[in-house]
Structures are given as C-alpha cells and as structure tokens.
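Look at the two complexes coming up: chain A is in both, with chain B in one and chain C in the other.
Coming up: the complex of A and B.
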C-alpha cells in the first residue's frame, strides 16, 4: 500500500510543479507583451511630433530624421492621413513616397497572398494619388472577395474619377462587386463622378442603372432629371431602376416630375414601384399630386395606401384637408387617411421632417 | 496667455490640433468626451473651444447648447469651433442653431484650422 501512495504523492508534486511552471511562463509572456506595448506607446509618443512637423514642412526633400525613422513612423503617418486634406495630405503622401512605402504597396498588389494584396490596396487608396488607379481597377476582378472589396473602397478614396466607369461595370462582372461598397466608393468620388453616373443611367446594365439613379438622387443632380424621367417612362426599365428613379426625382424635388410620378402611381404594376412614386410625390410636395394620391388611398396594396396618406400629409394644407374629408369614409381609403392624421396629430413636426 | 480647449474622442486629432495651436503660442487643454469637455470648460474658462460633434457621453451640439445656456455670461459667450465630419448644409444649420461660432470640416487642413481659430479669437490673442 505504501508504494502506490508514494507514487501518487510524486505524481501530485510533479503536477503542481508543471502547473507552476506553466503559470510562470504565462506570467513572463504577459509581462513581455506589456513591456512591448509600453515600448510602442513610448515610441509612438516620441515619433508623433516628428509626423506633425511634416505638416509645416514645405521642403520637397524630407529631413534626415524622417528618412531614418523606423517603420512605426509610417504607421503614424497612415493613421493621420485620412483626417487631413489639402497641403497636409500632400506632405504626408510625399513622405510615404520618399520612404518607399507606396512602391512597396504597389508591388504587393501582385502578391500571391490575398491579405497582402488587400492591405496594399487599402494603403494605396488612403495614401496614394491617381497613379495606381489602373492596378487597383485590375484588382476589381481579383479571385478573393475581400481583395475586390478593398480595391473598390480604395478606388473611391483615390478620388480618381476614371474609376467610376470600372466600378459601375464591376456590378455586373463575374465575380461581381458588392452594391453597397460600390455605392460608397462612387459617393467618395464626389460630384466629378456625376457624368459617369448619368451615362450609366441611360446606357448601363440594369444593376448599374438602378445604383446610378439612387446616387444621382443623393447628389440632388438637377441635370439628371430628364434621364430619370425617361427611365421611369421606359417600359423596359426594371423595377429596381424605376424605384430608384422615382426616389431620386423625389430627392431632387422638381415639380416638373409630378406628372410622371402620378402616372407611375396610377399605372405601375408592382406595388413597390407605386409606393416609391407616392413617397417621391410626398417629398416634392406639389399640390398637383393631391388627386392622384387621393385615388391611391384606394390602392389594393396597404403599403401604397399608407405611402399615399403620408404623402398627402406632407403636401400641406390641401393634402391634409383631403385626408380629413376622407377620414370619415369607410373602407381602406378612410383607414389610411385616419392613420395618417393620427400620426400627424401625435408628432406633427417629426412627420413633416421625415416626409418633407 | 490665450487658452484653447480641444475636445475630441480621437487622440490623433487632439494631439495634432494641440501641437499646431501650441506652436502658435496658445495654451491648449484636451478632453476626450463631451461631458469631460463641458466640465473642463466650466473649470478652465478657455478663450475658445474646438469641439468635435460625434463623441461619447455628450455630443458636441449638447456641449455647445450647455455652454450657451450657462449662467456665467462670459462662459456663455466663449467662441466654439466645431471640428466635425458632419458638415453638410443641414448639419451647419443645426450647429449654428446650437450656438457654434464656426465650422471646420473633417478631413481638415491644419492651415484652415489655424486661420479659423485666429479669426474666432479677439484681435491680438494670437502672438504675432
């Protein structure tokens, strides 16, 4: 009996010793990591003023301490870059180019590792000018989805309007680009992208046409009104294109669109399209739409009836007067009118803000 | 000495703004959220506040309104410069309605910021 007890005792001791060793190793590792982090914080604090002085520097050649700075310096520059514009941004981009950061990233665009290609695209998007647009456009067809998305975002950030067309084309390419990311990139390109968006609205594939219409509406692009009206009137337009065109016309807010939108509200087959037309009419607020919107209160779709009621409420005294008359009627139109008036009574300002 | 309070939850921004304004010869204090920024403004009585809009705990507009409503008339008149990514037309309306003196849109130019800070302060506040 004594031998097994002794063995068990030794085993317990060994287990305790191993546990203590593991705990000690973990503690040591944690301490080392903490020290490394503290060291990096110190180095960042030391290097940050050097980065800031770059913004005062109009000299094209960087100071020797900038050239000799460690790689952490580049990280600090890249962290700061998205917050700045104008000559500050130019100065930081110049330093990154001088230190070879941009050339390295440009080389990495062709790397075999997807994460490296994606990282390089992101870096060039936020740090470079237009000189890498062609290489980034090629990445829109990358086999890796994350790389394609990184290249899409990067092209928006370069501000190079030459990227607009390939971005729109990428929506229907195989493999395609995510619509939301393309939309954000095109918005990042700003108003210089408007001509490309107008082209996509008239000649683009349906997906590009719908996105272009949506973005033109966000820009409030008056010049796009005729093309948006044509999209709405074109029987071959897809439902998403019609919905986006109606939404854009509502955002632009020209009463010249009232006739086309009331026509859509009356004749479109899909409830989603009729609803978009009603929403747009509410945004425009033209009293000429009151008759069509009142008729829309008897629409077969409850969504369309609700949108018509909201639009009438948004149009002003004439629309609200019509709602009050209808609210005493039985049936779906009366229900929709009463619901709209209830919302107005509860939060009149909020409703006007949302609908107007 | 002219005193500027910088309130922004992004330390990259507060570091840079503090660096530029200090080089201009101004004394700079920093806070990283709206609530602490308001408390610091009440305690330090700065000559100007550079304020971010979107911040934790209390946003820039709330800070701005609280400053304008302060019973201390001097503090209520403190110029407030909104340094913010929210700089669309409706944002400008809301900012000015809340009592902002001026706006600088992010991404920003430090030269523009320095010019606007100088313009918002009384003449002679910034050392030549």
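Coming up: the complex of A and C.
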C-alpha cells in the first residue's frame, strides 16, 4: 500500500504545481489582454482615418504610410469591405493586394492547418474578386467541414456565377455541403445564378431540386413557374421538393398555379405538403381556391386546418365571408375559422409577425 | 470474521480508487478537448457574424415557448428580453401554468392582452385544462395561454407546442434572460444545415446579482452568496467543457430546459415532451435521437458554445436540494426508459459513450461517493486507515477537483472573460476549492435520494423554485444642466 500512497502523494504535488501554473498563466493572460486591448483601441483610432482616406483616393499606388501600416490595418480594411461596393471596394482590394494580404491568403488555402485554410477562404471571400474561384471551388471537397462551409460562403461573396454549378453539385457530393450554407451563397450570387437554379430544378438531384425551387421562389422567378408546376405534379418528387415548389409558387403569386396547389392540398399524403399548399394559396389570394381551402378546414391535421383558415383570411372578402359562416359551427373547422378571424382582427396592431 | 471484513473493505477501497481514476481521466480528457476547441476558436471562429443570418430569407421563424408558474418577480423582464431578441421572425408563447400570484395580471396590463380563440397547430396530449388564450394588442408577437396546473413543466410546454406556429420551437425558462443575439446564435445550425440539425442548445450562466436593465444583462457579476458562486463554477464546467466535448463526439444527451431550440414537427412527431419525466429536456433529446436513429433518418444535436442565456439558480440549500433531487430522479427515469439504448452500438456514440457514462458516473456517482464515505468510516473503525494515507487521498481528491475547476475558469478567462471584475474571477477560483468541502457531499446525498426515488418509482413532483427577480442596474445620474 505504501507505493500507491507515495504515487498519490506525488500526483497531488504535480496537480498542485499544474494548478499554480494555470493560475500564473491566467494572471499573465489577464494583464496581457488588458494591455493589448488598450493598445488596439489606440491603434484603431490612429489607423481608421488612414483607411477612410483610401476611399477617396483615386491614385493607383498606395501611399507609403499605407504600405508600412501594421497588420491591424488589414483587419480594419477587411471589416469595412463587406459593406462597400464599386470603386471604394476596388480601392480597398488594391490595397490588400499591394500589401500581400491576398497572396498570403491564397497560399494559405493549401495549408496543412484547417483553421488556416478556413480563415484564408473567409478572407478571400470578403476581399477578393473572381480570380480565386477555382481554388475556392477545390476547397468545397476539403476534408474539414468548417473549411468546406467557409469556401461555400466565400464563393457566394465573390459574386462569381461560375461557382453556382459546383455549389449545387456539392450538395450531393461526398463529403457534402450543408444545404443552408449553399442556399445563402447562391442567394449572394443574385439573379445571374437563376439559369443554374432552373437547370437544377429540372435535372438536379432531389436535394438540389428542393433548394433550387426554394431559391427561385425567393427570386420571384416567373420563368420557373412551368418547372415548379411540373415538380409539384410529378409523383416521383420528394416531399421537400414539393414543399419548396409549393412555397415558390406562392411567392411568385401567379393564379395559374391555383389548380395545381388545390390539387396538392386535396391529395398530398403528408400534412407538411398540404400545409405548404395552403400557405401558397393564401399568398396567391385567388378566390378560385376558396372551395378547396374550405374543405381543408376539415383536415385531420390541426396545422393544415390553421393554414387553410389563414389562407381564407388572406384571400379577401370571399374568403373572410366563408370564414364568418364557418365560425358559427362547432368542431375543429369552426374553431380554426374563429381563430383566423381573431388574428385578422388583431392584425393591424401586429407589426412584427407575418401571417402564415 | 474480522479478516473477511477487512478484505471486503480493502476490495471496496481499491474498486472505488479505480472508479475515481477512470472518472478523473475522463474529466481531464474533457478539459483538454474543451481547451483545444476554445484555442481553435480564438484563431478562427469558423463562421461569420450574424448580420447575414438576420437578413437571410432562409432563416426559419421561431416560436419561443415559456412555461411560467408564479413568476411575478421576473416575468416582465424576461418577456421584455425575449420580445427584444434580434431575430427576423419570432413569436413568444407564454403559458401561465396555474399561477397563484400576479403573473398573468402583470403581463395582461403591460401587453394589453385580449382573449382570442385558440389557433391550434398540433394535438399533443395535455392534462391540464386550457382556460383561455390571449394575444397582445401592443403589436408584440405574444400569445398567453392560461391553464390549470398539473404540477409539471412538460404539460405547460406541450400546450405551448399546440399553439406554436413557426417551424422551430425554443424552450425557455421564465426565470431566464436571453442575450439579444442568443436566438440567432442557436438558430445558426438550423439555417446552415436544415436537413440534419434537429436540436441545438447554448451556454447557460447564473444571473443572480448580475446587473440587468429591462431584461438585458448589462454587467455580469458574481453573487456574494457562496452557494450561488459554487453553482456558477458548476455551470461553467458543465457547459464550457462537458457539453462542448459531448457535442463534438456527436453524443450530446442534454440540452438545458432553460434554453433549447428544436424542430417543431419532430417534437410533435414524438408526442411532445414526456408528461411524467422530471428531466423532460434531456428526455426529449434522447427520445428524438432514438426515434430518428431507429427510422434511419439523419439527425444532429448541436451545442453552441457561446454565452447566451442567463438563469436564476437556487440561493438556499433547501431549494438546491429539491432541484438536484429532481434532476437525479429525472435522470434515473430517463435511463430506465431508454435502457435498451445503453451500450447498444445501433445508437452510435449515444449508446456506446454518453448513456453508459451517464449511468456509471452521473447516476451511480452518488452511490459510489456515499459508499466511499462509509468505507472510510469502516476502515477507521477496523483500524485499516492510517491518518497519513487518509490525508494523502484527501489531498489528491482536493487537488484534482481544484485543478478541474481552475482549468474551467481559465478557459472562461481566456475565451469569453465575461466577468470583468478581478474579484469575481478570484471568487470563482475560491468557489472551485470550496465546492469540494461540504457542497459535493451534500450534492451526492440529495442525488442519492433522487436515485432512490427513481428506483422506487415514486410519483414525480415538480416543485417551483422561489424567485428573487433580477438585479436592476442603477439609472445613469442625470447630467446637470448649467444654469
């Protein structure tokens, strides 16, 4: 027993020593942080006017004080860049290029450390133009998930529409890209990405198809309506694709979609799909949908009933009139109708909430 | 006979030593993993600010569900903080769960509540009768449901679930304050990876004595109450190290009931929260994972290591004892209910790592501690215990506990450094030492009682915690106007 006791004694001493070391590191770290923060505040105050002078500067060659500025200067420029467009953005990009920041980041894309690759991708996304697109696209297959996500975001920010196809392909590749990050990147690319999205809607894998439908709806792309209707009608479409297509048709708002959406509301198996169809009909506001929506008030799912009642309330006099008639009735349909009318009565006061 | 007793006591002592060594090794690994993660995040955050998220049309709406029972002390501050969250689309559903104080009256007066017909969106079973549903007329997206209390938070949350309208539901305690970007932070995983993420949670911190202004924590301060200080260290250790590492291993079991975000459709699909569970938050997370894994559907439970939610913790031993007994009872219920997952490779890291850890070290931990104390006494009676050995072992235990707490506080100081005053950090360090003397033993005792309650299938009892309310920051002195 003496040997284990001795080991325990030494272990205790070792633990005490490590604790003291941690405490000492904390104390030093605390002091260093305070000093660094004070220094940084001072330096930022000194350098910010210099960054602002660059915005008005039409000279291609940066001034000597810009070239000689410390690394904090780059941080200030990078903080400012995402909010700039046009010549101001070009001016700051030139400065970063002259100071070698972009070259260093491009080199770091091949670094062994994941955090370096990720940080470089983020920086190039914020600062660069289209010249690093190929390198960033290669990073979409990076073994590190955070780096892949950073490259995805960066491609959206560069605004290079050539990235749209690789981004959509990345959804189904292995290792894949998260759908939400790809979606945000594709939205960042703007309307130039619409042709790629239309292609993905008609020929893409189910995940890409669902995302494409959702984004086309957000763009309000009228040209995508036939493909969206086809997706909704296609029996082989997945539930997420149908939900996204219904949502997109609602956002686009063409009454030509009413027939397909009422069909979906009546026949779809999943409540989530029926609810999406009801929401879309409410957005379109076509009185032709009143009959189907009224029938939807008897749906087995409370969520669908509520969506149908909200949609009727959104359709106008015809829908609201039907709700008033139904609100007298007992049962779930009557409750849903009364609830929708109550929401409607409070609607002018509700500033933050969007119905449906 | 004496020889046999001595052999048994020695065997127990060695077994306990082995148990403690394994537990300490695991804790050390958690500290190292947490430290590594924090150090990596200092170099690169991995994600950008929240502006894009706020502006993105892909960010889903959130229904914040708040069960409240006798919460007049802080309900208005909490609502003010929650309704003021920076989030593009949210509603708050407050369930007044049979309050006997002025909770409802205060909310009704502040928000001009008007009774409406309930807009049901789900039909999760509930026990307590819904008395009425109200909506704010002040323009705030606030719905208040009054119901008969059946003494269970889960019942109130299930009612809220039935009127929630958005795709995500965020469950928040009425004694908690959320930071303005809290919802954006925990919603980020859902926005970025909507196909896989099913739940996410954030860091909870103790709010007692922190200075607040209309529901916003303006200056985190440490309470003068040592019981609260020790819990502050506990919370840091649990959230900064434990949950971060479990989430990294894809084996997160617990998302705190004080602040967790879930996909509404899935919560409804599993029948809402377990009405009889006393650990309904952990129970929901495990049920979701079991359900989705059995169905072969993708799922990810994410922990967001940012300080986002501030909650009141018990200030007296009595209330703390009741709370911890309830947690232990709930853990026992959870492990029994999901016993087929324990050690089952079909459930991945949850089945092979997290549940066995919770069974051996969290659930049975108090048994081992109490047996250990008994063994020490018995060893002394039998003359097996030398004072030197006892001192060395006590020293080792203290040194290890202190190192773990110090490392946690160091990680907090190096990463988030939310406590600006040096005396608060020193008090935290002292609490990390004091925790080992008295608090730990008391904690083990009440946890053991909770475990016994679970084993003997005692009726679950939800006891409300007395609220003290939040400490309001003093008004800025008015600038004197020159005559």
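By our rule, the second predicted complex is superposed on the first by the 305 of 356 C-alpha atoms of A that agree within 3 Å, B and C clash if a C-alpha of one lies under 4 Å from a C-alpha of the other, contacts with A are read in each partner's own complex, and residues count from 1 in each chain.
The definition used in the following text is that contacts are C-beta pairs under 8 Å (C-beta built on N, C-alpha and C of every residue); 3 or more make two chains touch, one makes a residue touch a chain.
Keep in mind that this is a model prediction, so the values were computed, not measured.
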Chain B versus chain C as contact partner of A:24, first or second or both or neither: neither
Touching partner for A:87 - first (chain B), second (chain C), both, neither: first
Chain B versus chain C, judged by how many residues of chain A each one touches: C
First, second, both or neither for A:325, with chain B first and chain C second: neither
Touching partner for A:41 - first (chain B), second (chain C), both, neither: neither
First, second, both or neither for A:306, with chain B first and chain C second: second
First, second, both or neither for A:52, with chain B first and chain C second: first
Which superposed partner A:270 touches (first chain B, second chain C, both, neither): neither
Shared chain A surface residues [contacts with chain B and with chain C]: none
Contact footprint of chain C on chain A as seen in their complex: 1, 4-5, 8-9, 11-12, 15-16, 18-19, 22-23, 25-26, 29-30, 33, 115-116, 118-119, 122, 146, 149-150, 153, 178-181, 183-184, 187, 207, 214, 218, 272, 302-303, 305-306, 309, 332, 335-336, 338-343, 346, 349-354
Parts of chain B lying in touch with chain A, wherever the complex brings them together: 10, 12-13, 15-16, 19-20, 23, 106-112
Residues on chain C engaged by chain A in the complex (per definition of touch): 17, 40, 43-44, 46-48, 52, 56-58, 61, 89-91, 114, 116-123, 135, 137-141, 162, 165, 190-196, 265, 388-389, 392-393, 395-396, 399-400, 402-403, 406-407, 409-410, 413-414, 417, 422, 425, 429
Footprint of chain B on chain A - complex, ascending: 48-49, 52, 55-56, 79-80, 82-89
